[in-house]
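I'd like to ask some things about the structure below.
So that you can tell them apart, the chains are marked A, B, C, D and E in the order they are listed, and the count of residues begins at 1 in each.
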Amino acid sequence: MNVKPDFSKGRNYAETAPAFLSVWNMEAYYGESYIVQNISFNVHEGEILALLGRNGAGKTSTLRAIARMDNPQVTHGEIWLDHQPLHNMASHQAAQGGIGLVPEDRSIIPGLTVEENLQLAQIAPPVGWSINRLYELFPRLGERRKQEGVTLSGGEQQMLAIARALARDIKVLLLDEPYEGLAPVIVDEIEKTLRVIKEQGITTILVEQNAVRALELADRSVILDTGSVVFDGSAKEVLGNAELREEYLAI
Amino acid sequence: MLGLKKHDLSLLIIVAILTMAAPFLLNPFPTESGMAQFNAGYPDLMQKFVIFGIFAIGFNILFGLTGYLSFGHAAFLGVGSYACVWMFKLLGYNVLPGILLSIVVSGLFALLIGVITLRRSGIYFSILTLAFAQMSFALAYSVLSNPKFNLTNGETGLQVYADDPQWFHSDRLPDLPHLFGLSMRATHRMELGAWEFQFNVGYYMCAVIMLLCFYLAIRIFRSPFGLMLRAVKSNQQRMNYTGLNSRPYTLAAFVISGMYAGLAGGLLSAVDPLAGAERMQWTASGEVVLMTILGGAGTLIGPVLGAGLIKYFENIFSKINESVLHGWFGFLPDGLEDFVITLVYPFVGKGWHLTLGVIFMLVVIFLPGGLVEGGQRIGRLFRGKKPSGAAKSATTEPAE
Amino acid sequence: ASHSGFTNAPQGDTVTLGFNVPQSGPYADEGADELRAYQLAVEHLNGEGDGGMMNTFSSQVLEGNGIMGKKVEYVTGDTQTKSDAARASAKSMIEKDGAVMITGGSSSGVAIAVQGLCQEAGVIFMSGLTHSNDTTGKDKKANGFRHFFNGYMSGAALAPVLAAQYGEDRKAYHLTADYTWGWTQQESIAAATEALGWTTVENVLTPLAATDFSSYIAPVLNSGADVLVLNHYGGNMVNSLTNAVQFGLREKMVDGKQFEIVVPLFSRLMARGAGENVKGILGSTNWHWSLQDEASQAFVKSFGTKYGFPPSQAAHTCYVQTLLYADAVARAGSFNPCAVVEALEGFEFDGLGNGPTLYRAEDHQCFKDVLVVRGKENPTSEFDLLEVVEVTPRAQVEYAPDHPMFAGGNLGQCNPGA
Amino acid sequence: MDAIILQILNGLDKGSAYALIALGLTLIFGTLGVVNFAHGALFMIGAFCSVTLSKLLNLSFETVDPTQKDFLGNPLKVKTPYVESWFGPEVGATIIDWSVPLAILFAIPIMLVIGYVMERGLIKHFYKRPHADQILVTFGLAIVLQEIVKFYFGANPIQTPAPDALSGVANLGGALGLQIAYPIWRLVYIGFSLLLIFGAFAFLQFTTFGMVVRAGMADRETVQLLGIDIDRRFTIMFGLAAAIAGLAGVMYGPINAPNYHMGMDFLVLSFVVVVVGGMGSLPGAVLAGFLLGILEAFASTTWATTTIPGINQIIIYLVAIIVLLTRPRGLMGKKGVMED
Amino acid sequence: MGILEVKNVNKRFGGLQALGDVNLSVAENTVHAIIGPNGAGKSTLLNVLVGKLIPDTGSVMFDGQSVLGRKPYEINQMGISRVFQTPEIFGDLTVMENMMIACFAQRDGAFRMHAVGSMWSERDIVATAEDMLESMNLQDKRDMHSASMSRGDKRRLEIAMCLAQSPRLLLLDEPTAGMSRSDTNNTIDLLKKIKQDRDITIAIIEHDMHVVFSLAERITVLAQGTPLVEDTPEKIKGHPKVREAYLGESQVAA
């Protein structure tokens, strides 16, 4: 796993190693403190990867780093998505390159209605699902389309955040704790949606505290601990490995 | 000692030593040298340093701790000045009643304005305070100085006239502000070789008061009250749901800082018995904001440094005229001399505002924490610490 | 330095004067011209240049070797046209630079504040531009002297000309800057014109900070008044005059009379700011470069040669004040302020551009002819903006020291300081 | 009646100046979240664009005319503007006469460039910094700009007169039998301001641009996550605000002669206008501008000043206090904008 | 008569009836859970209880006194503390300072002017604050800038602050959202322990049924602003309507 893939070969490389998103030796800092320490992992096209770990393990930081946000700052390493070097991009470019992040605090934009929040996502190319299609997926949002986004209930906000990501034509969906604060029925709904999305060929990285649930959905799993990768393998493997679960996930 | 932690105590001691030795420290250049222009150790400027230091320390108690940006603090300074001169006019030139009254009056005035303006926060609060101060200014400048009811003497400024009552004045006392007979103007000049140093009564009185104010400010910063003020700045919502009423805290901070401003105003009148209305104008309120940010808002010593820097520029840089420049660069060949002078000239003398503007920009751009951050960086360089280590310790130390 | 019995007694072979002028703020251009005049005066005192008005001055004690043999040096400061800043700047000149005389300024508030300070500190103050009656009225000080004229004198000089040109049956509408200077000037002009038969319809106070006067001008249109008097100076005056002209006041007829605008206190620097609008407008001024007397000519020549344009009244006043101070020291034989005061009190002189002049002992106000001027219709150059309509003789503008407009003050004793 | 209409016109006139400055200010202040104390300086620079243009048009060559003398008695140097010698005296004179309207064309690119440079070079580093820092840095910038202008143009006002055709007064009330004579240029100014205001509104309302910028102000990070290059839009926004300020300045020249501190004179007032209108609300800023303008005009009437002495000096602040105490977020303020 | 009595509370937002005739009685010294679909009005109800929102109609009594019309800080001083759905802490301050503020508020009331005297010399305050941090496993983060903690830690800090106030009624809005399994379990244990050690009533909103069923003694199900059922956990689990509208199939399995 720790052999640097040869990115320079472009397409060629994709044929030899089917990684769709590759993170290679990434380090990231908040100001002066070192959070993400030399992380490498691959995600294959169309799969769901569960990114797990305790509170403060660095999951959110890793997702933010991949989405090329300023904070944390990536200081070392490479990130490739479908032959594009994300590590050379700013976050809006990464977004145009196909990254869709649903942040953990949902980041619904104040002052904008539900519909405006969705419209905003369709300003920059490439555009994904139509707004009507999204309303079909989440009828609740359709009912509330004229309401200011931030006054939605927690669960509604989560739906809006996911819908907003899908409103763009994304290649990879980064989900930071999407089930948090959702009623169990809705969690079931979203899980179904994620399966639908997977069928559409969208690759997903899922960060989730409910590890069992995530692992049941995921194809593969990467476990982080204090900013480093401690496990990279199939989801089944984790489910079957009590020791691993005990040590890093406490389940 | 004095209820202070070691760190704060040493800061207080350093400040005390610096203020007491200021007449020496500020006059580093021999009187006859070309650099004498940069000497700042004369009574008026030294007095301004400490008085505006008091003003800025007080402002920082409000702004630095609670984050409420008052854009009308000069009103309290002005009210304090007027109160003090009125005491001179009625009672006589002893500064004590004047200074006390200026604290009381400005405190009451701050209470009145605070109760109203603190109903709003953020920019709305700033504009409310600005509006009150501008109204006070307009009243003082013209409305309250009409011949029938002359409270402020308008544009000229309130001053003492020979026919004022001065009930407690006697012939044995100086005809100028004094502290029990000790004239504020009294200055002892000491000549040491090529150097000259001035020790002025007014300065030392103000300096002692400033040290008291500084000490009080440290105590406030480190007190539970100070903690509550920082809580106001951080998250008022959480504060309210933690059972704390933020309004009396902010009001108390507002009144305390208004009293500091009033005290500063009183002292201005005490060392120079004329109270002008421009002291209340928005530019004066803006000045204390600039001093505080320039020095480092929320830090203890920053506002004093900021006040010092601005007053230094206003008083020293503005006096460098062309002939002074010729004096300095006279050693250069003629053509070069003229060239250098044309280059420097726009920035000094009447161009001092330009230099000040440039300094404001440079400081905020490169030293986001103000001059204090500059000091810290130099200190860090000095100690040769790695940035990462410093950052970690910075988070664990209580905020300065 | 405190042994000699007075503040800042000059040591060694130099003497330091303090030039305290507005270098920033709205009067910065006046201040700059004042400073030019001071530099010129220093040159002349030190025997450099062509000597300017030193050659025409009736008192011939100055020899061009500095003052009493001491070379004149100077320091400058910025008043910012704020009392506090002006006092701080003057104090630093006195406390730090050892200035024995302070001069300059371009506003009455500042002049009064600095004059009070000089009285307390024990140095001489030779004021620059200050036109309020109070400077030598209720705020007069023994250590302070004013060469410039004042509101009363403007009124006394202007009123007869106004009556002669516009008739005695006029209704005047005053707009007045709402601070001490504006009030005293308005009071003076109203009194002088009313004495000749005019009526004052209205006096409206305008804030100093005002920049747009349209809402003050509009009511004039329907007020029945046929003269508008603008008791404004500086930026205020430029804007109020511009606005008045915009509103068509100059073309207006009221009851068959041509509507007129009057600006009682004029200066050329302001006239330049007001541009076209100033044409034909009457006002008064302390001095103008087009005067043909020998002294004025000499001054214009030496100033114009050095700087390339003619001096303003501000420059003239400041130049004269410096010479007068130097002359008084020389005549007294001492820099001691009390000696200087004695030498200046009641001093009569000529040859400084205003004709025979008296520094009156009672209030330290200068008495001299006053110029009534009019904005020139066809200027030949960018400096040729005002023409002198009349030189009002000194006798006509004199008043008793206890005149009610000047009452209440107390000159006090001269203070030599330490 | 005539008097009332006149004062309303005066109020509209003042109000359009306030509204125009406040509009630019609030674009930056309410949408980009930057407290721009240099906005007044942009207004001033606009006015000096027109001063500069008229200086350029008046660039002259000198010929010595021995028949006339200058103030020192030397032969007079007579100046003829190049424009007059190139285009003939009449066309040249017309061009010079129309220098203020021409300055609009001249000022737009200049102001856009100034806005661009200012935003890229300075302001963009301050989006995330506390308001206090923004105040300090933009105030510093304002001083610098102001001092530079003073250095080159002096401290006294410089006239920039309106073209002859547009100066003078228009008689408005003729048909109604009223006596309302009002300066033409001031009417032009009112019209121009309304045009600019509606233009700005239309741009922000009928394009998604406004929404994006508002969103970017509320949460930059998230907007970028949606693939939008918010920096570029902020720059455009800033340039736009600078251009509006500049045009307001150009057009204001003939009303009051420009001087180097005209920006500072307006600055505080325009902040009050913006806040009274409500942070983040463009209609609020415009409404407050006109409201305060009209109130100020009426407070200056003799009737008002004799009833309450000094009311003309404090009216704006008094109204500001009353509005802010009765309506927590100004007339039309948005929740959560700059409340902490 | 419960310690908290909510009667006929209605709250509309524009056209939306967020709360419709809510009646709720929470018995003293019990753990009462409020569950329901997203947007059911649970947080809105909590907002009414702490004075953040004023209901259109109805009454809310705490220990015999009305809370309506009181300021949030007054309500808190009556003994009601709340943990928010998104963590509300003093981000600019350190963890320890956050705790001390809560302790001061508990000891000194809504306002006290102790402007001189070091806060660190207040031994009882420092001691309580430290105890509380320890019980929440935050002692290592004592001097950390609280804004730069991970969200799970922020939430634990907020709970610690509320507990430090020794409230009589503790309102928890999804306290374990975003917490890892192990911390969730710790929190459950902690709440149980607190429940044992002192007299405290807890009202908890949670979507994590594991937490709800481990703690709650009674459960109210809210749907579309109206209480659907109120019963014991066992009954709720089996309630068909609740299963359909809220729990879904997976929870029943779990």
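Here are a few things to note about the model shown:
Everything below uses one rule, namely that contacts are C-beta pairs under 8 Å (C-beta built on N, C-alpha and C of every residue); 3 or more make two chains touch, one makes a residue touch a chain.
These numbers were taken from a predicted model, which means no experiment stands behind them.
Any chain that touches subunit C and also touches subunit D is listed here: B. Fewest steps needed to get from subunit B to subunit E, stepping only to touching chains, is 1. When the C-beta pairs in contact are tallied for A-E and for B-D, the bigger tally goes to B-D.
A straight line joining the Cα centres of subunit A and subunit B is 53 Å long.
If each chain is reduced to the centroid of its CA atoms, subunit B and subunit D end up 34 Å from each other. Computed centre separation for the pair subunit B/subunit C is 34 angstrom, with centres defined by C-alpha atoms.
In subunit C, 24, 28, 32, 178, 205, 207 are the positions where the chain touches two or more neighbouring chains simultaneously.
Multi-chain contact residues, meaning those touching two or more other chains, occur in subunit B at positions 138, 141-142, 353.
Shared contact sites, meaning residues of subunit A that touch two or more other chains, are absent.
On the side of subunit D, the complex with subunit B involves touching residues 35, 122, 125, 129, 131-133, 135-137, 139-144, 146-148, 151, 268, 271-272, 275-276, 279, 309-310, 313-314, 316-318, 320-321, 324-325, 328-330, 338-340. Of all the residues in subunit D, the ones that touch subunit C in their complex are 2-3, 6-7, 9-11, 13-14, 17, 68, 70-72, 76, 150, 154-159, 161, 167-169, 179, 181-183, 185-186, 255-257, 259, 261-262, 265-266, 296-298, 300-302, 305, 310, 312-313. Of all residues in subunit C, only 1-2, 23-24, 28, 31-32, 35, 39, 74-78, 82-85, 87-89, 91-93, 95-97, 107-109, 112-113, 116-117, 120-121, 134, 138-139, 178-181, 205, 207-208, 410, 412 touch subunit B in the complex they form.
Across the interface of their complex, subunit E is touched by residues 3-5, 216, 219-220, 222-228, 230-231, 233-235, 237-246, 248-249, 252, 256, 395-396, 398 of subunit B.
The touching residues of subunit D, when paired with subunit A in their complex, are 208, 211-212, 214-215, 218-219, 221-230, 280, 334, 336.
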